[in-house]
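Shared between the two complexes below is chain A, which has chain B as its partner in the first and chain C in the second.
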Partner chain A sequence: MSYQVDEKDGYAVVRLTGEVDLNRSPDARRVILDCLQKKMPLLVDLSGVDYIDSSGVASLVEGYQLSRSRQLDFGLIGVSDAAMNVLRLARLDKVFPIYASLEARLKDTR
Partner chain B sequence: MDTLKPTELPAPPQEAIRLVHACTQEGVDARDLGDIICRDPTLAAELLRVANSAYFGFASEIASIPRAVTVIGQKALRNLVLCLAMRDALRAEQLPAFPVEQFWEAALRRAVCARCLASLVHLDAEACFTVGLLQDFGLLVMFHLMQHRISEWRRLHEATPDARLELEHQLFQTSHEQVGQQLARNWNLPTELGIAMGMHHAGTPENTPAATVQLCRVAECADWMAAVFSAEDKRLAVRECRRLLDEHFGIKVEQCDGLLDQVAGHMQEAAIAFGFQVGAQPEFGEVLRQANMCLLEENLSFQEMNWQLEQILRERDRVAAELARELELAREVQRSLLPAEGGETRGVVGLNLSAREVSGDFYDFYRLHTGQVAFCIADVSGKGMNAAMLMAKTSSLYRCLGKSILDPSRLLAMLNREILETSIRGMFVTMTAGIFDPESRVVRLANAGHLPSVVMHDRRLVREYPADAPPLGIVPEAEFPGVDFCLEDHSLYLYTDGLLEARLAGGRRLEREGLLELLARHSDAAPVERLQHIVAAVRGDSGVMDDDLTLLMIEG
Partner chain C sequence: MPQAATVTASATPYAIEVEDLVSYYDSRRILDEVSLRVRPGEIMVVMGGSGSGKSTLLRHLLGLNRPAAGRVSLFGADISQASARELYQLRRRMGVSFQNGALFNSMTVEENVAFPLREHTRLDERTIRIMARMKLEVVNLAGFERLMPAQLSGGMIKRAALARALVMDPSLLFFDEPSAGLDPVVSADLDELILRLRDALRVTILVVTHELDSAFRIADRITVLDQGRILITGTVEEVRNSPSERVQNLLNRRSEEIDVDPEEYLRRLTD
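The block that comes next holds the complex of A and B.
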């Protein structure tokens, strides 16, 4: 897994790529939490994720929970099929705000 | 302090320098030289004293200056004058807090070393002695100009030549070579002496006359030879000294040690001749013993380091063994939380295999007072000890609450709240909980983010029941809708993702289709055997698993 952090339109966008598994999810967790510690609204781009296991999902859940407690916007964008299957099976597609892209999030008035 | 102004330098000993240059003129008459010398009665007396000292070792007494000029020779006389003049150029009064005697003792040791070396390799002994004595004169000038650095003298004195040069750069932003070279120029000292003073560390440029190059090499070797006696790191000094003497003059270890053996004896002689105060001189044998002792200590500390390392490794093994025992205990506790292996309660059987010492998976089933059977399967996110602890907590809660809350939807909602209260690091639990009535064959299920439950009839898939709610521990207000169905003569399978991700022989993952195929293939076997067949198919010969694997079956 690799990751990249960009700032765009007031959002921190964390792009995760490759396999987000037990060995790599600590990195994903750290980068997600770092952004939220800086009080930045956050979108996690999962378009490049080939595989995500429950530890990877736990990193997203932790980000989601922290953002709620800090009243920061949090969402997933460009979720790949592989990641979407995992989220859907666990019904997490109904928990995480999911958007096609950053632009889609900006247009959404939720 | 890159360039010194001439005015900053001490005043040159003019008379002596004039004499030095007179000595270098060709065809100069001994009597003329004698006349010049006699103009300075102090110098004349000094010269006579030195000429008659054991240092020169002439058989008969030299009673007059013209005689001295004849006996010693023009060139040696020049060097003698130079040494005496430089010795007096900076007097102790000009450096009140500086141990001038120590400086000259060190300089004299270099001079003696240079002279011993010159004799062995047939170079001009007096010229080499002079270079040895004066090669570090720049350092004395540096202390004269920066007297606040005087406290650093000891460090410089005890450093090896290369370390000393580096330290000088740090302390003075220049070196004794640079200052010495400049001083030689400003004082109009003989060219070869100036080069030797300025380039005995740095090395000479290509066009330097061969004799001067030799002088510089002698100076460099003399520096290291003297360091054998003065440097703190004697072992390094001895090693480098032997290396340099071999490199520059082809002198082997025995000869090198022989040279160093002579130094102590000649020091006293030269000190008396030139009027220097020197302390008791250490013998080379003693120095070598010290150096070897250092080596021995180093070897000892190496041995000690080995012992320490062994101790650390033993400690590591002890901790690892302790950890393994702790993990085994944790595993035992976990096993105690699961139903007995191969146990069956009215058509319900289960099985759990953990990939690690501890597992994040679990299943449970037990008979209720109503005659129904409560069952569940769950998977904690992540792996390792934290997953195992959350598993222990969830399974205990399930056992405890499950006996009084008979509705799976309400039970999951209650578990969700309990887990959320103490949730850490985004950890969550996927769980399917259910109640089976063996009389009516009705099953009531609720699924919190867990993989779909599968209902099979013989070899045919009847239906799947996917999650209708998120896992436990994520959303406080989540609801967990239940579903009722009659199992009749069907079989209900619940499993964790470890089963779908397990690899078949050939490396392919089982996946959903593979599971359905396996379930169909073994549908005729008795419940316990059926589970064993399935596990055997994914464990293969190696028995190695990537993930925990749990499987629960309810036979309708």
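The block that comes next holds the complex of A and C.
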């Protein structure tokens, strides 16, 4: 797994790529929590994720929970099929705000 | 991780490969030249009468028993050749729910499910808790995390054990008698869950069961063991339509006429 952080339109966009498994998810967790510590609204881009296990998903859950407690916007964008299957299994597709892209998030007025 | 790379080094299309496996308990031959191949993502159901060697085969797949002859390979790695470290790496990729597999009685449901993560990973405690609770959601045990095993029903214990088997996101899932002793509705739920798991995760599943309905519902292929030998391995249709009388007896649960050798029988009763 690798990751990249960009700032765009007031959002931090964390793009995860490759396999987010037990060995790599602590890095994903750290970068997500770091962004939120800086009080930035956050979108996690999963379009490049080939595989994400439940430790990776747990890091997303923790990030979402923290962002809510700080009243920061949070969302997942470009969720790949592989990632969506894992989210669906635990019905988390009904929990996370999910958008096609950053642009889609900006257009969405919720 | 170079160690993991060595374990999966040799390319093979199979997740599980058993070749001419022979196994003894003391001098009793329990498995007799058993061969079986399971493809990644496949659900293989192992059937057979009581004592036919199903659980013993499972113990070999887990590397808990050593073959007297033959080979067991997982993801192309021969597990009897594997070093302790390689075996450890392989075991991290396996989830297992044993036939008599109980939960730890002194731990809550959540602690039971989280146990493999605490043993085998250095994940953050918060990550571990979320992962354990996600798996309890998957098996429909949300809200029961603080109960002790003694406070659960039989079906709930099975599901909690499944949640524990899943918590490390295994690539191989072994399940010995998931629905034994459960009512048909709960058992059908478990079947549904097994199918959903296979579709959502990259997991190869081997299920041992006596329940014919369950086997036909979930299996891609079925293998039938009889006194330590494989009678047939095939798709649900192939097994259903098998001309073999032994297979049909097993499927229809007709108890077979046991051959009686009068001399031998008398000796057994009296010696």
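In this section, the second predicted complex is superposed on the first by the 110 of 110 C-alpha atoms of A that agree within 3 Å, B and C clash if a C-alpha of one lies under 4 Å from a C-alpha of the other, contacts with A are read in each partner's own complex, and residues count from 1 in each chain.
Heads up, the rule we're going with is that a contact is a pair of C-beta atoms (placed from the backbone, for glycine too) under 8 Å apart; a residue touches a chain by one contact, two chains touch by 3 or more.
Nothing here was measured: the structure is a model prediction, and the numbers come from that model.
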item	value
Clash or fit (per the criteria above) of chain B with chain C on chain A	clash
Touching partner for A:Val61 - first (chain B), second (chain C), both, neither	both
Contacts of A:Asn23 with chain B and chain C, given as first, second, both or neither	second
Partner chain in contact with A:Asn85 - chain B first, chain C second, else both or neither	second
First (chain B), second (chain C), both or neither touched by A:Val95	first
Contacts of A:Val5 with chain B and chain C, given as first, second, both or neither	neither
First (chain B), second (chain C), both or neither touched by A:Tyr51	second
Touched partner set for A:Leu72, first chain B, second chain C, both or neither	neither
Overlap of chain C and chain B interfaces on chain A (superposed complexes)	22, 25, 29, 53-55, 57-59, 61-62, 89-92
In the complex, chain A residues that touch chain C	21-23, 25-26, 29, 51, 53-55, 57-59, 61-62, 85-86, 88-92
Contact set on chain B toward chain A in their complex	379-383, 423, 425-428, 430, 449-452, 466-471, 474-475, 497
Of chain C, residues touching chain A in the complex	1, 121, 123-124, 126-128, 130-131, 134-135, 137-138, 167-169, 196-197, 199-202
List of chain A residues in touch with chain B within their complex	22, 25, 29, 53-55, 57-65, 89-92, 94-95
